[in-house]
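Each of the next two complexes has chain A plus one more chain, namely chain B in the first and chain C in the second.
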Partner chain A sequence: MTAVTPTPTAQYLDLFARRGERSGEAAPVRLRRRQAIERFEAAGFPGRGDEEWRQTNIAPLLRSAVTEASREEVGARQARRFLYQGCDRLVFVNGRFAVELSSIPKEIAVSSLADLEATGGAADAVAEHLGATVDGRASCSADAVVHPFAALNTGLFEDGAAIVIPAGAAVERPLQVLWLSAPAAGAAADSLEVSFPRLLVVAGENSQASIIETFVAVNGAAGGYFVCPAAEFVCRAGSVLHHTRLQADASDAFHLGFQHTELERSAVFDSSSLTFGGGLVRNDAVALLDGEGAHCTLDGLYVVAGSQFVDNHMRVEHRQPHTTSHQLYKGVLDDRARSVFNGRIYVHKAAQKTDAKQTNRNLLLSRSALANSNPQLEIFADDVRCTHGSTIGRLDEDALFYLRARGLPREQAYGMLVYAFARELVEKTSFEPLRQDLEGRLRASLNGGPGGGEAA
Partner chain B sequence: MLRVSGLHARVEEQEILRGVNLEVRAGEVHAVMGPNGSGKSTLAQVLAGREDYEVTAGSIELDGEDLQEMAPEERAHAGLFLAFQYPVEIPGVGNSYFLKAAVNATRKARGEQELDAMDFLQLLRQRAKLVDVDEALLRRPVNEGFSGGEKKRNEILQMAVLEPRLAVLDETDSGLDIDALKTVAAGVNALRNGDRAFVVITHYQRLLNYIVPDHVHVLQGGRIVRSGGSELAHELEEKGYAGLNGDSAGA
Partner chain C sequence: MATATDTIEALAQRDYEYGFVTDVEQDTAPPGLSEEIIEFISAKKNEPRWLLDWRLDAYRGWLKMVEPDWANVRYEPVDYQSICYYAAPKSDDDRPKSLDEIDPEILATYEKLGIPLKEQEMLAGVAVDAVFDSVSVATTFREKLSELGVIFCSFSEAVQDHPELVRKYLGTVVPRRDNFFAALNSAVFSDGSFVYIPKGVRCPMELSTYFRINAMNTGQFERTLIIADEGSYVSYLEGCTAPMRDENQLHAAVVELVAHEDARIKYSTVQNWYPGDKQGVGGIYNFVTKRGLCEGRRSKISWTQVETGSAVTWKYPSCILKGDDSVGEFYSVAVSNNRQQADTGTKMIHVGKRTSSTIVSKGISAGEGQNTYRGSVRILRSAEDARNFSQCDSMLIGDRCGAHTFPYIDVANPSAQMEHEASTSKIGEDQIFYCNQRGIETEDAVSMIVNGFCKEVFRELPMEFAVEAQKLLEVSLEGSVG
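And now, the complex of A and B:
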């Protein structure tokens, strides 16, 4: 007797086959799902020979058997720990909408993807956009690549949120989307529960809103799990959308996600990605500046230790004149943690007067930590301003001695300096509860413990 | 108060201090002068506990306690203050926040009650006034973008707030124009009292016109080669270090 172990690809195809057709799903979405899974099947998982995945070893993920995330119930009290005061909220447990934990703002149309009929108002946007961008034109025209995990998400997502901000609306309260992982207590140690959170946000013309995504696990989540999220942002002309993505999954979780943004004329997308959790983390973000005067900020912070690995892969495409983009990514790495920053700015021939700036700074707190930084510019227009730079350094010993000579104990001085390095990214938001949470997480994740530099 | 005996120190393989003896009593101001490379800054850094320097022989005592057993922060708690020759820029840390943390770390270490925000602010304002520091500096990150003069004044402000027993001023006069020099000297003079002592390290005699020392020592080749009263500084100004008997200048 020989047991046949299914290939990693076959496991996921099997998940697709077992789910079968979904009733009530719009025909275009159904089609895109099938196309996505076909593309995934044809391409398979990337190997180390694949340029975009050269530095990301996904072998540990592929070694694990996967099962659909269980249907765990999460109490209001457990969820509340992660919810901010002063927000509206959409709560998802293992990728499924938990309506009883959510509060939907009146001025926004929000639908649960699993039940478009019952929940309101975003069905047309789903039919038009969902999956149309992520797998279709999400790449520089010259080298279209299938993003395997985005394709997986499109093929396999069970639920998610579609959010439509009406034209002209200025939504005052931020909307928090809480993606809660709650693996079953008795799950097999060698298998991963996998969920595919899906988000679509359409910011109407001249609208203004703020979205906070939070990826966390319920307290005491044991065993590994795998979150494979995908998010699409469609920013109509003149819209302003703020986006914060906080990822604080369990330290042995797999988190491989994809984010795609399209901006029309004079639209602004200001996004921050903060990575504290996950064992193997890959964040891909693509932004297409597709209208004159559009601006996109993609900022990020990763604070990792132990054997965590985090790879931030970005591509910003300037397709029209007078578009601007800023990226500031900072990393703090301790123990044996490793990071990759891969930022690519692609300026099309038509995109004259592009202004693009990309910076990656890394602070290594241990001899065994390792940061890779690959900023890349590809410019086909001749009248542009593009700058990029990266640094990898250690804590400034002179500064440490200076603080200690003034009486600050070593640990406190250490924490203060690391906090000072990272603070601009956690203090960026004007939404106080979020800011406090991020500050707290940053301080807690620093070896020096609470020390840091509060506002001057 | 401070007793340095037979102090030898080296950095990497190079011996820089070769038997320094220095005794400072409460209320005194000592000037340590010497040419470049004589070991002046090394002496300051060794006193403050910089780990890059290895003490190979001799002892340093502050109020009878062995400083060599203490970490830099413990020396600060014991009342030692070093005004840095090159104050370090620390982006992202607010100047007044940093000072409050320093004051309270010291108070905590001494078993005293920490100052709350109001009490600290009051202390800070009063000291800023005493040493003539613009309050705008307090709101900026520590030394970041400060001019040379602002950095040195900021050192004096820190000293005024931390109220050390013994202050070591390492070339606080370097790079200062005459107005800034007078301001810094006035700040130091305002803090002089019978319980506090100063070691003023300088290359030039000029500062000593404004901070008049009780004792002047000449450091050369890692040793104190001459000691005297404040008139020694004037002699040096006239004759230069080369005019001294013994070791050649610029070692």
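And now, the complex of A and C:
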């Protein structure tokens, strides 16, 4: 540790002060940045006493000194490993746009947030939406408080992508947004490189598109780093947006992200969040169903081992009648891994005929793994159908015996059963290269069976 | 035919039927809370020194605590210095030996409540330990119970007659500084019931206490302690109604249960305290700490509650499943109407091997009522092959009420199996239509559907209570739905 360690909050405020104001930025965005950092300053980091953060221990993060992510160059070959064939791509290295690695589709307006004039096309959308909702304030109910990390991102993001899908467009090729972390090789061991990836997607009326976000680290990235992403999705009336979020950071990385979605009439947002990497992971997702007939799906899978910790916090608000939402989260936990699932469905008085479903299923593979599941319902309308379910358990011994009786080695039988448990989330995507990648990752993480070592 | 709206209004306008005040001279301590008051209470009850010290320690702990605000309820802050912490009927000095000696006004109160003691006495096998405010006025069937060695008496008597048992068990399940309200209760508890069932005895009758809050500004602080020794069985009933009041009354009870090896305790509650008027004025604050300890192997504790009264309810009957193969159960029906708020649920803490727990909770919200289920299931690392099943269903009647579910599930042992299910629904138009078609009036149809919704819980109630509970539910909701 360095001799003088500033207080956790001060470090980030200092980053903000050093960054200064950017000239090219639209006035509303500049204002929102300042407001966000003020809110962050007022609220500070949450403690264990804060109900929303009760089960997430961010102390290790707060203990670390942070520095701005270094400007590393990543070769095309290194990046290619994470890119899918058959889709357009935006590549960001340490949160900065790498134009030479990217291919920008023609039918979509895409801008790098750091250089709106040059890339053009999405400037208006950025001025209107960027940072307007993302720190959680807009999710109206009284107990919605400032999300400190979303506020940090709004205040501090350096670059990011703004994607505007024009009304009526049906974009065939998926768009992959690759967020590469490449901490400098010789970085001081006692400080974290922090990046603030930022994404804004506006799906125009009756448009259709598919977005894939990938969070990974370049080969052999060791030493901790901190990714603090925030994403906003605005789904106009009748739009259909598919979203997959694959998080495979280094196993000692910090990843605390926030995602905010707003849906207008009859819009559909179908999102999957897949967590394989990261040491301390927290994903917050908010969805506001703000138009009749809107539907959102928030699915997730977390496959963690070692001492990984993953926390998924969801909040789905039904604000208008005839809205539907589905959540299915599955977790596989090995070794000393810990998971938290906290899903809240909030049905406003006006939202009659709501149909909401929330399911969380956990599989514990080791004696030291711990799963916490808090599915919550808050309902103020009377003509609704809301259900939630939660299960925690281990693999069925009978099924295991059945497979072993047929000559399968223990590891293989285990892998097969766990794969069967998780596959519905992996096989959900219709985009073949992504599906194969997910399948491979799932298999790789199950390789060798449960790590506890103790015979079942 | 009455429409939904009409009938909801009809219910909303219904006055509290059991609201009346009995004039009985009271021996009351001055309002306020201090060490002197606690010493006064203790002296009044002729308590031993260790109990006074125990109370004072709880009080000193309480002073440092803050009132919890995490529950999903809103209420006017309580001024703890304006409450009288002791009130005893005048007749305390020469206790009545039979019903004839009891103040006829008290008897009349019971009469109005529909639970005349005389009839109770004759009712098949029910012993009634009636708490009128803070001191027990009459206890019945004691001799028959004492033949079997069962101790069933008021808490103050237990302190005098069985100090060794009280001292051994008091505060072992709910420590004196457990939480804000439990600490308050530990400091000032006035009376309550004490039950001890000796080894191998199956208590031949349902033990029952009727609590009744009376006298202005008197919070009631009962303390109940039930001990079931090895291989014994007891079923305990608790039920309450209260007169109409303008000022909020605080009720902070503590119930402790201890079940030794192979013992079984069944604890049933019907709670119908004054819920406040339509604007939510008055009404009882019900902040209760109830906890059972399954100490021995194969022990079992079962909580059943029907909560229809009180303005604000804050109550989480819990089980600590310590003994191997022990069983915890929680069955609950909570109704909140008008401006009532209920934040209730349970905690099941699995410590021992092969422990299992069942939670069935039914919440009904009507008018502007807010009903919250808040439960916690914790399976510790030591709880090999633990099993939990939870189901919490909510029913909404009308569009101004709310239903909330906050289950917390923490599992630290992979051999555990736990399931949680919850649903929210309302009475379907089609269900009503179906009944109407077959000549069943809307009101009867609703009553039928609601009773069906709660059936799983009512089934768990002892005979005497099942009838009362259904009647209560009808009174609380009858005419409220279409």
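One rule holds in what follows: the second predicted complex is superposed on the first by the 438 of 456 C-alpha atoms of A that agree within 3 Å, B and C clash if a C-alpha of one lies under 4 Å from a C-alpha of the other, contacts with A are read in each partner's own complex, and residues count from 1 in each chain.
Criterion: a contact is a pair of C-beta atoms (placed from the backbone, for glycine too) under 8 Å apart; a residue touches a chain by one contact, two chains touch by 3 or more.
In this text, all values refer to a predicted model and were calculated from it rather than measured experimentally.
Partner contacting the larger number of chain A residues, of chain B and chain C: C.
In the superposition on chain A, A:403 contacts chain B only, with no contact to chain C. Contacts of A:394 after superposition on the shared chain: chain C is touched, whereas chain B is not. Of the two partner chains, chain C is the only one touched by A:371; chain B is not. With both structures placed on the common chain, the touch criterion links A:417 to chain B but leaves chain C unconnected.
Those residues of chain B whose C-beta lies close enough to touch chain A in the complex are 48-51, 71-73, 75-77, 81-82, 84, 87-98, 101-103, 105-106, 109, 139-141, 158, 162. Touching chain B in their complex are the following residues of chain A: 396, 398-399, 401-410, 412-413, 416-417, 419-421, 423-424, 453-456.
Those residues of chain C lying in contact with chain A across their complex are 70, 381, 394, 396-426.
Residues 51, 349, 352, 362, 364-394 of chain A touch chain C in their complex.
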